[in-house]
């Protein structure tokens, strides 16, 4: 039985973990930590957890027993403060922010600068060993010895999974890539914000942060890693649409040679043959975010615009599952030697 | 291992069963029957089932192996045609329509007449042994010998569970009862209908069937059964609101004696002490359909309008779970001697 | 040309007024006042107003020219502070809060106490002359001499219009009345609130403030006024549903004598014969909040539950129009001697 | 006073026209024609029209008086059947389908073939005089002599308006253009369809018709016309998102020379200086479909991805207004010599 601690337990990331881990056969949630609502049972804030997880919310300085794994479902620059102490105590960490998605101070600074954060990492000595936790791409680097996982950004998951096979085979030109991504509102978390007030968001959609989104860095880094196309630069557009859960990313790239839809379908199916959560679909198959909602699956539709010799991939995930808590549990499973889909398999529900 | 057949597998009731039973540890889905899309795998219609249930859809006359239990997720007057054959073959049935919710031809005729159906039941000899499958109320009548369960209507579940303790204690006058019920759109099923076309339903709400809703019969019957108040007549208003899953029922009744909120809270908690899926809340607790969505729970809020000495109960369920497939599986569990919540426990997800 | 000032211009009430008055042929918006975003054009906050109203937002102490009418789209207890000064300067006021909905300090104290406000009105000398601005009921009291209008609460509008003819004819027993009311989320205004965060509200519905809603006072007062049933006490339940605009109120009352649906239809049609914004429907007519959305209309469906001899009225309005800004402009029209529907007529749009 | 006839009056296009024309000061709606619900008043199907337009629905062979203008809000291949008769009777037509968007049989055949229609136009002699009714682009071709207007497709409106200034100045390479377009569900009309059933559409989004959307033809034709870039081929992706009204199109194109955001802003503002319904926004301005909902406006956000020297335009319209009925009325105004915004100006409403 693995004992876990969740820091940042009252946000959507934390709640997603509780939902998954409260039914995980190999895990015991040991403690929940947050900065507010200290002392209240988590189920008073999230009543659907009643009788499933009624643990009290602890402050960071209350000292629960040592966990085996700590999930840091915390904002940027919190994980880097807490990681050294956790590691020193022998606890492995899975961090949800950008703090451990990069392996060098320089790469971190590029990321941090782009979103207006201080560029100096406070635990740079830990960066080299951090593993980027997109399990499908880095499964071989995740092991019983991994101490630090940087859980990927939700948009990044959808884009990288959608483009990885094409990039690895150098089918498309890196600098032609456009990621046009739409997210449900839960991606913005539970923090109140005029843009996500029901009345102003319902029956509204818009593009945002046109000047640059923080997930671009990790997408470019991973696509370059997969393709050996250095200096790869993509155009990325984030858009908010009025649903709760779901990311739909349309991914475009110009073919280096003539693209054949059937060949690419085969390529993708082979690439993901061992990935329990990736499903490859043709452009004739029924697709939509509803078919991955509440699950850890990523559905990827392959199409080629023949007239333009352009690859067009449509990638669907649940931003709170494969885009966040689901990926985190998937990483935990691999770190602990459990089958990758333990506690994660499930149909979701429709409608 | 119990082998089950699902007739009407391609409707929302059928899909809900597949979602639940594909993860039920004691069940094997043996066959899926429907009237259209014969031969296609169910997962081509409902892609979220891919890899979880890819069984083909069979027509009724294809003869699969005998099941232990057959779920009839079929419209009114289908179950009564199929039941005799199933029973003869030694199969137990759980029917989703009104066909087996009543124990006499007279009671059936009253129900059927109210909604414009032929009033003659075609298998009246089976009615006396049918059990009304609201597990919390009729658990003691459900046993290894039960052959026929009439699964309750979704509105009826919310109303009866919400009023049962008060009625049993004769706290309120039966003829003063008003059930003001709001349902999400999935309650209308997958059949296309102008009233449930996205564009006309989104940002719209309305009361419907003001002249009478079919669930009134079973509510009145059960409330009379619980209270010994004969000739009880209630006012019932069905309303459609623009969400997918969820029923919220406001239930009003005038106190026979002076009502005390705290005493009623205690009464309800005692009444449902052994019911794993009913949660009793005070008027201060956080409530909403979102906290039962995707689960088999019923959350019941107790309040008394002191000025009017009127009991006001607000009852929340997921119409497709506790209101349909969840209750069916709960009944199956009791029939088969499994713990009542086998394969049904779960937090759902929020948001 | 009437010159108007809008205080509280940046809330939904203020914006609704700007939308209506910017196309009103007899009105010129002179100034917009708010407590934040001072100096910015209103159209930078609400871009749909661009080119229609680009006035800057002023602080209260910037002194614009004297208006003919001031709309106070402000929270409780602001209007009572500002009213004396406006009136002294010869300006007539229409207030959106509860400040001028009652004619005595005692009635105000009852209202204020119920919602946890200080019970002492700060301008009690003005209460006797304030007119309750439900135009259909008090049209004869609104004249060129009216200086103060207390614009009614949104739920109250739907309930009072729905019950007025029945109460005036003493068809139903006042103490049997139950108002079961559902509102779209815009009724809560633009202030951020966890309950109205998109992710927690979408696909969620709930009853709230079960211990008492502030609109009960004015409903009871008006129903008593209409019926001469003193000491009338109603049960009122407020519910939030996931749409933006719309109130649907189900109104129940027990018949004093035998109720006949057709007679009541005739009664209602006669009562509202001269009301340009009230439409009376039978239970067979197509109804829904979508058919009044964006308009000043109130659609009222008449039905009788014969078995229980209970009147059931379903009343539909747009909470931001007939429930707020629309009623305010309607009152202004009457005060200024314009035809009642000037600048207010319109189909709205569907879907 | 212009007398108009609306054929196809009961679809969303027809209703949109009725909403607009019932308040247009220069228009009298003379007759409504449809293929079903003959004899019923339009307001019994669309109750929001009650008292504004209660005309009966006529069949095509009932002969109302000759109109000045006939709107053909009909499916593909209906307008071409009716146009000759209308023109012969001296009636001018504005057609909503693809029938009159092309000036040659060849161009029509290309369009029709792409969407599986017969490729032979039945009134090819009329094609040369048909004007493509995107008013902002073809205003000079619309005159008192115009007899036939082919109203543009909704996606096409958003794409062409968004790209026109850049194409006219040859800022971007035609073959690099990608139009990633998201539409609200009302774009699919009122016809029932499993994909637009509330329960399956709510909380769902997906790309569709990946093999080709019919609006591509007119976009390519217009962009070629504007830029003199012949053989221009674009990639177009249609996506459905769960809101009712609104199109958001992200339009990408690679710069031919180095792109400067400020210069392009100036260019766009100059290009649309005389267009009353186009607003040009910088990437810092507040944008969203909610700010054009219910209006004839098109809001266009300019941004440049400097790292990739790629132009990214985000174009927002209401698909039923500027995308359909609004454009049609705008065209009618120009044809009749009325100010272009007569009966069309308006803020819409927010929220």
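Each chain carries a letter (A, B, C and D) given by its place in the written order, and its residues are counted from 1.
Rule of thumb we're sticking to: contacts are C-beta pairs under 8 Å (C-beta built on N, C-alpha and C of every residue); 3 or more make two chains touch, one makes a residue touch a chain.
As the structure is a prediction and not an experimental result, all values here were calculated from the model.
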Winner on C-beta contact pairs when C-D is weighed against B-D: C-D
Pair in B-D, B-C or A-D that repeats A-C, with over half of contact pairs matching by residue number: B-D
Between chain A and chain D, centroid-to-centroid distance (C-alpha), Å: 39
Geometric centre distance via CA averages, chain D-chain C, whole Å: 37
Chain centre separation in whole Å, for chain D relative to chain B (CA means): 46
Multi-chain contact sites of chain D, meaning residues that touch two or more partners: 12, 186, 190, 199-200, 202-203, 242-245, 287, 290, 293, 350-351
Chain C residues touching chain A - in the complex, by the definition given at the top: 12, 185-186, 188, 190, 192-194, 196-203, 242-244
Residues on chain D engaged by chain C in the complex (per definition of touch): 12, 15-16, 18-19, 22-23, 44-53, 186, 190, 202-203, 244-245, 279, 281, 285-287, 290-295, 299, 320, 345-351
Of chain C, residues touching chain B in the complex: 175, 178, 180, 182, 184, 199-200, 202-207, 210-211, 233-235, 237, 239, 241-246, 248, 250, 252, 283, 287-290, 293, 301, 303, 305, 307-308, 310, 312, 314, 316, 350-351
